[in-house]
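In the two complexes that follow, chain A is the common piece, with chain B as its partner first and chain C second.
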Partner chain A sequence: MAKVLVVTSGKGGVGKTTSTAALGAALAQSGQNVVVVDFDVGLRNLDLVMGAERRVVFDLINVVQGDARLSQALIRDKRCETLSILPASQTRDKDALTSEGVARVMDELREKFDWVICDSPAGIERGAQLAMYHADMAVIVTNPEVSSVRDSDRIIGLLDSKTQKAEQGEKVEKHLLLTRYDPARAARKEMLSVEDVLEILSIPLLGIVPESEDVLKSSNVGAPVTLAAPTSLPARAYFEAARRLSGEKLEVSVPVEKRGFFDWLFKRDA
Partner chain B sequence: MPDPVSATSSNTPMRIRARGRSFLALVLSPEAPLPLWLEGLDYQIARSGGLFTGKPVILDLGLLSETTPGLATLLDDIRRRGVRIIGIEGGSRHWPAVAHWDWPETLDGGRPAGEVEIPEDPAASAAGPVSGGGTLIIEQTVRSGQSIQHMQGDVIILGSVSSGAEIVAAGSIHVYGTLRGRAIAGVGGQSQSRIFASRMLAELLALDGYYAVTEDIDPTILGQAAQATLDEDRVRVLPLTP
Partner chain C sequence: MSFLSNIFARRQQSSSVAKDRLQILLAHERGAGEAGESDLIRQLHKEIMEVIARHVAVDQDKVQIKVDRGSGCSMLEIDVEVPQELSGKRGS
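Right, the complex of A and B next:
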């Protein structure tokens, strides 16, 4: 039974696309068939983060409008064969997406894959609502700052009212992914603590991804961090998050670098 | 010699400013038998409290005849229910039963505007709240951007009210979680309404039109269990001590 997962946040720049790619690659490495779908029509990025930008021929809009078949637009990842991407169009805007067309594409994707992961555009308008409409589950990407938390709260309200599940009287399963978390700054009370965010949003915690250069480096070489640097702290957080999405019960911990005594000595000297 | 200023003002009268404003008047058309129709009206008023308050209503006698039983007391019967009749049409002042009525001046220029849907329960939101009598109970958290409006009585929220969310109630507001958004109580002029919260961090508290923002709340009370009451024309936020 395929699961449709939307990665959303309301606010821009919090790490939706990075998280979509990293979670998609993590789930695919466990042997499941995964497609990541870029819904950010007009501002597509997912193809860059996945390193597929030179292979885009057809895109989501072409398939929605019936100009191309789904199989023509899907791009298979070169590093992980169970991972595919359905890119967005950069030249069109979100008005080109029709709700019937999106419904048809989602039905087709459900048949082909175990996981359909939709990368939502920022905002709460049509594009974001179309991306979430068919979702069974949602990952709400939030930074530990008040503006991001409030926008996530707004998105949770929309997930509870503007999705197909909500219209049928069911609930979209919601998970909080806290990204760009800096334990040192949190300790100095320069950002909201995990407890603060959880208290405000009151949805289960899927994972805490630390602020890290590894994420930036991976994006720049066009690879999800879970493929490019699988042993890094953020990648470990995404791998654990993916296992929780698959139903495993794992304790969520605040990620900290474990350093040996000698590492510590050398770091201090440097 | 006359004062030039007063001469001008007496020649050209002062300009009166006027603007247009239109109100939608509801047209009520009673049907025989009148006692049953009045019962129906009572039921409708009970279901949708605010429907007739402050709205102009025109009484259409077109479905009744000169001899309909109960016609003589109809106008008083309707007015007693708080409905404001601004015009009567469809009948005739010459009918003996209505000759003693206090007929409002006839209004000109009305245009029919189609059937008005009488809301069954205007406060019922998509969230599926439980309504018992005049009280609205919301089981979950009210999220940023959502607005709950209840013009009949109290609102009870079992979850929290997020920053950027809004609760509007004719009566009091009770929040069992944290109140971070706006709470506007006593909207219909009920100055004895209060706002209660297990954790008071409200952006705005309003009671019968008087309001306080977070800055106005004593910082030692912020984050504690508290209630807001109206004292003369000031919103007071006090700790909730059992």
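Right, the complex of A and C next:
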């Protein structure tokens, strides 16, 4: 049974696209068939973060409008054969996405894949609501910062009211992914701690992704961090989060670097 | 840790300020739902202004509305500037 997962946040720039790519690649590396779908029409970036920007021919809107078949628009990742991407359109606007068209594409994707991961646009408008509408599960990406937490709370409200599950009287399974976390600053009480955010949002914790250079380095070269730097701290956090999504019970810990002399010595190469 | 350093440490904890602010704000936003509270304030403002307008001519630009949402109670403050000559007439 395929799972539809939406990666959402309300606020922009918190790491939705990065997390979509990283979680998608992590799940795909465990052998499951994964498609990542970009819903950010007009501002697509998932293709760029995944390194597929030069291979886009057709996009989600072409498929929704019947101008292309789904199989023509899907791009298979070159590094991981169980991972595919369905890009958004860069030139059209969000109104080109009809709810019936999206429903049809989602049904078709459910048949082909084990995981359909939808990268939501920022905001709470139509695009974000279409991205979350078909979701069985949601990953709410949040930074330990007041505006991000407030927007996440708003998105949680929408997940509980504006989704197909909600309309059927069911619940979308919600998971909190705390990104750009700095354990040292949280310990100095300069940053909201994991416990603070959990107490405010009261949804289960999927993982803590530390602030790390590796995330930017990976997007620079067009690879999910779980493919480009699989042993890095953020990648380890994403791999564990992916295992939790698959149903494994793993304790969530704050990832801390154990840095030895040799790590320090070779750090420059990275 | 001494008493003094305890006080200073507490003052530097910007994260607890952030947490408190969020908790108060979200308690209101969750309760308000879609349109709730902003509608209520708009309605209150409208009706209070109607009552005042029956007795004095009020310039809309001279009306200030402030809301302060606290954890225990909220305060709605409507500040109406009454024209000078009118308040003078009443007095005489």
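Keep this in mind: the second predicted complex is superposed on the first by the 259 of 270 C-alpha atoms of A that agree within 3 Å, B and C clash if a C-alpha of one lies under 4 Å from a C-alpha of the other, contacts with A are read in each partner's own complex, and residues count from 1 in each chain.
Going forward, a residue touches a chain if its C-beta (ideal position, glycine included) is under 8 Å from a C-beta of that chain, and two chains touch if they have at least 3 such contacts.
Just so it is clear, the model here is predicted, and its values are computed rather than measured.
Peer 1: Will chain C clash with chain B on chain A after the two structures are superposed, or do they fit?
Peer 2: They clash.
Peer 1: Tell me which partner A:193 touches in the superposition: chain B (first), chain C (second), both or neither.
Peer 2: second
Peer 1: Could you tell me if A:150 is touching chain B, chain C, both of them or neither one (first, second, both, neither)?
Peer 2: both
Peer 1: So in the superposed three-chain picture, is A:202 touching just chain B, just chain C, both, or none of them (first/second/both/neither)?
Peer 2: first
Peer 1: For A:125, decide between first (touching chain B), second (touching chain C), both and neither.
Peer 2: Once the two structures are laid over each other on A, A:125 reaches no partner at all.
Peer 1: In the superposed arrangement, which partner chain does A:213 touch: chain B (first), chain C (second), both, or neither?
Peer 2: neither
Peer 1: Classify the contacts of A:160 with the two partner chains as first (chain B alone), second (chain C alone), both, or neither.
Peer 2: The answer is first: A:160 touches chain B but not chain C.
Peer 1: Where on chain A do the contacts with chain B and the contacts with chain C coincide?
Peer 2: 150, 153-154, 157, 199-200
Peer 1: Considering only the defined contacts, which chain C positions touch chain A in the complex?
Peer 2: So the residues of chain C touching chain A come out as 12-16, 18-19, 21-23, 25-26, 29-30.
Peer 1: Which of the residues in chain A come into contact with chain C in the complex?
Peer 2: The touching residues are 145-146, 149-150, 153-154, 157, 186, 189-193, 196, 199-200.
Peer 1: Using the touch rule from the top, collect the residues of chain B that touch chain A in their complex.
Peer 2: Residues of chain B touching chain A: 126-127, 140-141, 143-146, 159-160, 162-164, 178, 180.
Peer 1: Using the touch definition from the top, list the residues of chain A that touch chain B in their complex.
Peer 2: 124, 150-151, 153-154, 156-158, 160-161, 166, 199-200, 202
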